[in-house]
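What follows is a group of structures, each given as structure tokens.
Here come two complexes built around chain A, the first alongside chain B, the second alongside chain C.
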Partner chain A sequence: MTGSFLSRNPSVPVMLGAILALVFAVTVFSEAMGGGLSTSFVKTLGMTLCLALAALAMDLVWGYAGILSLGNIAFFGLGGYMIGMWLMAARTRDVVTANLAAQPIPPTPSEIDAAVAGQIFGVVGSDSFPLVWAFSGSLAAQLALVVLVPAALAAVFGWLAFRARVTGVYLSILTQAMTLALALWLFQNDSGLRGNNGLSGLQNIPGAEGVPQAEVALWFLWGSAAALALGYLLSAWLVSGKFGAVLRGIRDNESRVRFLGYPVEGYKLAIFTLSAAITGVAGALYYPQAGIVNPAEMMPIASIYLAVWVAIGGRGRLYGAVIGAVAVSLVSSFFTSGRLPDLDLGPVRLVWVDWWLVMLGAGFVAVTLLAPKGLGGLVDLWSRRRGADRHGADLGPDAGALREQEAEA
Partner chain B sequence: MTSLLEVSGVSVSFDGFRAINNLSFRIGPAELRAVIGPNGAGKTTFMDIVTGKTRADSGTVRWGEKGLSLTGLSEARIAREGVGRKFQKPTVFEDQSVETNLLMALKNRRGPFAALIWRPKPAEMERMRELAGTIGLSAHLARKAGELSHGQKQWLEIGMLLAQEPKLLLVDEPAAGMTPAEREKTTEILVEAAKTRAVVVVEHDMEFVRRLNCRVTVLHEGSVLAEGSLDHVTSNKDVIDVYLGR
Partner chain C sequence: MRRMTRRALGVLALALCAGTAAAGPMQDLLQRNRALIEESSRRTIAPAIEAVATSGLPQAQQVLRAWQDKALAIDAAGRFWIAGEGAPLDPEGELAAPEGDLDRIKPNSGIRALLGTALVSFQLTDPDPARRMAGLDSILRDPEPELLAPLRASMAGETDPAIAARKERLERLLTMRFGEDEAARVAAIEALSGDISVEARGALNPLLATRRVAGPAGETPEGNLAARLVPGADGFGHAAAYAMLVDAGLAPPRPTDAQIRDALAANIEAGRVAGVPVAQLGDPGRRAAAYDALAGQGLVPPRVDEAQVEAALAAHGFHEIYLEPSAAVTDAARRALAAIDTKVTAMKGVDLGLDALSLASIYFLAAIGLAVTFGVMGVINMAHGEFIMMGAYTAYLVQQLVPDRTLSLIAALPAAFVVTFAAGVAMERLVIRHLYHRPLETLLATFGISIALQQLAKIAFGTQARPLTAPDWLGGAWIMNDVVGISHIRIAIFVLALMFLGFFLFLMKRTRLGLETRAVTQNPGMAASAGIDPGRVNMLTFGLGSGIAGIAGVAIGLYAKVTSEMGADYIVQSFMTVVVGGVGNIWGTLAGAAMIGGLQKAIETANPSNTLAAQTYMILVVILFIQFRPRGIVALRGRAAGD
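Showing the complex of A and B:
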């Protein structure tokens, strides 16, 4: 809590250096620069950086404040939807305008509007813009909503839940219910967000029609890397000062923090809302690279993924979240890419795409039981730090408290 | 004499069991008081009520000159009003350094925003070191609190309590698990603290209470059985019957 920023956060220069090195190497060897890295691989890397940012935000609430939020994936999806609305509206308008311009009589603005709406909402049997698209014409407004919508949802939900002192498993279930409710609502055609079709064609950036996707992929890689770097700096600043000390206090022993006079609800609300905003940004950078966002992205399995990344990377250390997300999602995309030949083992056929989830589950269980510090714990091995022997006692009485084996030395 | 804390006619039941029964208690602004009583007498529950952890079913808890009612306020609010508490089982932030534990407790603004922009001022560091000296942990500032011995954790918690600069200290069994030398030191700290503020100490150990050399309140089945000097209460027939069992 005292000392310079760097002495409190020795991982910051390493992390920023690693991000920079990655971006530099990928850029140099990318297809756009005449290298051998395929555009789809560059996109995978860019998306992976976004997932790392989302995991970082997850670590802030779970690793530091002890709130196992299963709602963060909803914030991620909402970020994608918010930017997707602008991308889709603007892009469709460009296409429609170009098409109509060929007609002998120039179209009126309302004709263009109707044609754009018909294009976008035809699949759900509608031909006008729903209310939620009110700001879709403005990039600035939708960018603001990328942060504001997840933050507002988190603020309202958090205020209700934290004030009622819902904690532990119940809080997790509640956040999962929120995510599921949102997904189910989005699945409906009259939600105004194209039901299960979701928003698509997001990889086409309006105003950049002439730019090849190879180059667009690089832009997003840079953007995602910058967001992750800034997110890391912000998170490091948040958790290494007194604010972070209070958060960790809340995680391990909430009532002690109260008896010191700290308004616990305010701290939880602050970090939950901030985490939602960061996650929204991560989603807004992810989905244009994925090309499509739909409600299936927010199903319960996805919430679990976020938690698994953080757990595998090591909870309560920022670099752990990043390492976990990057490692798991890269390995995941390797196994699910279909590039690995299936194994014929006589009676069973090992289809990697299907078996990968089983392996991931087994890996999660193994980490939880055998190496609770996760991949981040390897850093402790290397720096030869050893935790104190606590004879199996947790670091505090609360459900979210770090276990003995999780604690950083 | 005006009183700092005035508890009157408070009762609390847990599932029909009356843990506190029409309890009344008052303490002045600079006074040391020992509270004794057999296991289950309601000593900890009494502290729970004053600090807002448990809500009283009936009765009032008045605080300070203005007679602010503490019943219904949140734990954090009551703490900010100047009530500090040490738990029966030492509770410190085990994952954090001794220094951080003390700095977190230091009296200053408690909101999230204030904490975000907080940087240790030289005076605060000075105060933290001074407190660490008082509780004998100067050499352990950088260690994680979880590594300390049981007695050291007790002291750290007392140090955090002092750092809060409360007007009233509620101390639940501070000497549990301490060596005789550590107990003596603890006595000194508490007696010293009581010169400028009110201190309520719950303790089972009669030797410890004797050394505090203060007024004693005996609790039994949730209400006050006797009050006065230690010699006075230990010669009280009711007290001998229920508590000393002799």
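Showing the complex of A and C:
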């Protein structure tokens, strides 16, 4: 734990520089500034940065604390729902007020409320605001909830799970079950969040009706880049200090750290909650760019994608998570965009949109088997970093611990 | 006018040919009632129908039916004919030639109903039991007071015991509603007490139909009182109570907010409504003031505020009155329904138990393969659901090749096992073997395999669901009574689950492979020193677990549809079954499946409108359950636990 922050984290200036360069280049060439980059591509880049932030938070819990949380996508979606509630309520209120102003008699406040509620909840057969929308009128409150709700869910769930000493694959499956429970709850019409319709029209920012979407896309790109940069700094500061050392100790041998007198549960709970809060922020920035958030986004399969990005990028290193998320989601949107011509291989016709998932699955197995360090391992080749020589022994006896083969591969 | 002439001509013709026309007894009978028949009025027709029905003539039924079917006709000579399909018959049922055009008698619906009632007594004494049953069914569908007499009359001569019992029931159901005196009706109701059939409940419920009346407070309305209603309680809201007062003319209607707004809009004068500037009408207080001013001018009905509503409600009493006037009958019906309810609840419990059992069997089948791989080898196989899907698609392909449903099912079970066994062994050799010490990575690698397999299936078979048809002998259901029933497929799945439990126990406790598997589970190193090849054992165990998943896929495909995503629907439940049950123990899996299946059904019953909520609550309960028993219901202790 010696040296300056930067000397302990050589990746930080590189990553911040890369983010800055990307933002600068995209801004200069964007449609809003008269360049050739389409608005949808700018949005895709902005969303990719949000996914990278979510992957970063995933790496904190999985790569550093050894908790393979499959619940992070739930926090991501919750962040989106929290900001979506304000966006949708405020925007609908603007539209409804404009409509009612055309009537001969000016509307009373309760009439406006009823009209807004009817507009938003008409699709689920309701005409009044449910309790969960109590703060939807206030941007500040909903912004606070973006962080608080995922963090509170993570704190309660983590407290229950860690207290019962649920670890390893059990914990993964429990977090998976939590995600599924939340998604199923949101799918109901009477959950108060519009059932499977989700929240829509989020790309329209209230109070910015006159601003073209090309410009709004840039705002969100800057916001996402700033969030990723701040998240990266925070994570780097956390894991390079004493807190990070204890976390890695827990990952490699939980019992040993506990016997050394560290409150293991507290550390795990802290990092899990922090990760949930960061993921919530990422979701809150992602969904206004996507325009719609619905419970299908939180089905269990999505939660595993987060883990896949981190694994492909290289877990246990912050830049690995970012690289993995950016690489996989950009390649994915390239293959599924339909721009790639189909390949005719005699009996089989290779439709990339269909075969992309097969390739992703197979590629993922290959990375797990052949390159456990993921894409981040390439950096080691260049920096000639070597794993510890433990003469073939495990790095820790715990079933979830990093093994020497992994560290070396 | 034409008809009158024809009728006059007919009478003349009858008079002329009375001696020569071969008139049978039915023709005579009809001729005697001809005036009534031709008048065709519901008020006067009864004696004519009665005469035919009670004539005792063998053709009576045929004539009545023809009449009802608008096939009774009169020819130019004034004689009656039955003009059904084909050549016209005379009422004695003999072929003959009518004179001139046939004029059909068209009874109106009231007369047809009377004819139908008259026909019922024929139907109830028909020599063909099927016809008698059909007659009873039609009475049940459409009970009428008039049917009681013919039904009772037919009961004495009934020979078939099943039909006799049914007639007796029906007689009770009718007596209950239309019986002549109170005692008979009460007796009939009491005889039905505890009868859980849908028809008994359907007959009892209308007896308890009520209507609501509002009147001055303190006054009890006339009639058979069911309950006193208190506004604001028991789902009887203030708004509903006030609406009743308005309907009864006991209170002035309350202008709604929308009506107030429209009234204000209609009375805008020079930017003001009753002196209030329009711009201020967004304020509720100003709006009320403006409306009150309009009401004061008599332009609009006055506003009714909350206090007035309360006062009006307090000044009136609300009661529910039975439509049935006799208190003895409604009391008896209430008692009988209460008794029936108790019994139905118990039966529903039994039905729920059966449902839960069958769901538990499905989860057990889906989870047992997972329990082998997860429990015995500590390996998470996210692709387990895709093995289930593979088994189902294998069965689908077999069904395309073998047209006979029974044979194809028999062939599909081993085929599914072989295919998924091979896939499992291949996966173990190629992927899992290298990841034994990295359980979390196994989870991710098998997930990669899972999405690849799922997408491959989607490419190969399309997104459309493929049907897997069960043979006919599996198609029906075992129905115990109107409440309890279970389909044969679910019974078969239960039997299959039991067979696998037995097979698995035999394999683990009585065979060499089982012994070696248990040894490798407890301590791979020691097992290897004792001469067991852990690699081979792991491979076979994994193949076995996958093979069982394939067979579960066939069973699941039979009762659900085969899609590329069917595995994903079961994977989380299967994992929860294994986790809740406890790892590494077949009894644990069984207990886990029973708990998950029972819990899901119980929550679904408590909240029947919302299956999604049921699943949510179930998962929450499971998460809480893990708090108290982190190692599952059946936790291994000591060395077998592996730590």
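In this section, the second predicted complex is superposed on the first by the 397 of 409 C-alpha atoms of A that agree within 3 Å, B and C clash if a C-alpha of one lies under 4 Å from a C-alpha of the other, contacts with A are read in each partner's own complex, and residues count from 1 in each chain.
One rule holds in what follows: contacts are C-beta pairs under 8 Å (C-beta built on N, C-alpha and C of every residue); 3 or more make two chains touch, one makes a residue touch a chain.
Small disclaimer: the values here were computed from a predicted structure and weren't measured.
Aligning the two structures on chain A places chain B and chain C next to each other without any clash. With both structures placed on the common chain, the touch criterion links A:Arg165 to chain C but leaves chain B unconnected. When the two complexes are overlaid on their common chain A, residue A:Leu180 makes contact with chain C while staying clear of chain B.
By the touch criterion stated above, A:Val246 is placed in contact with chain B alone, chain C being left untouched.
Once chain A of one complex is fitted onto chain A of the other, the partner contacts of A:Val308 are limited to chain C, with no touch recorded for chain B.
Of the two partner chains, chain B is the only one touched by A:Val264; chain C is not.
Looking at the superposed arrangement, the partner reaching more residues of chain A, out of chain B and chain C, is C. Of the two partner chains, chain C is the only one that A:Pro107 touches; chain B does not reach it. Once the two complexes are laid over each other on the shared chain, residue contacts for A:Ser255 go to chain B alone; chain C is not touched. For the overlaid pair of complexes, the smallest distance between C-alpha atoms of chain B and those of chain C rounds to 5 Å. Comparing which residues of chain A touch chain B with which touch chain C, the overlap is empty.
Partner chain B is touched in their complex by these residues of chain A: 1-2, 238, 241-243, 245-246, 248-249, 252-253, 255-256, 258-264, 266-267, 270, 388, 390, 395-397, 402, 407. Of all the residues in chain C, the ones that touch chain A in their complex are 257, 261, 264-265, 268, 278-279, 281-284, 287, 374, 378, 380, 382, 431, 434-435, 437-441, 443-445, 447-456, 458-459, 568, 572, 575-576, 579, 610, 612-613, 615-616, 619-620, 622-624, 626-627, 630.
Those residues of chain B whose C-beta lies close enough to touch chain A in the complex are 51, 53, 74-77, 79-80, 84-85, 87, 91-97, 99-100, 103-105, 110-112, 115-116, 118-120, 125, 144, 146-147, 160, 164.
By the touch criterion given at the top, residues 62, 68, 103-111, 157, 160-161, 163-166, 168-170, 172-174, 176-178, 180-182, 184-185, 187-188, 190, 300-301, 304, 307-308, 311, 351, 354-355, 357-358, 360-365, 368-369, 372, 394, 399-400, 403, 406 of chain A touch chain C in their complex.
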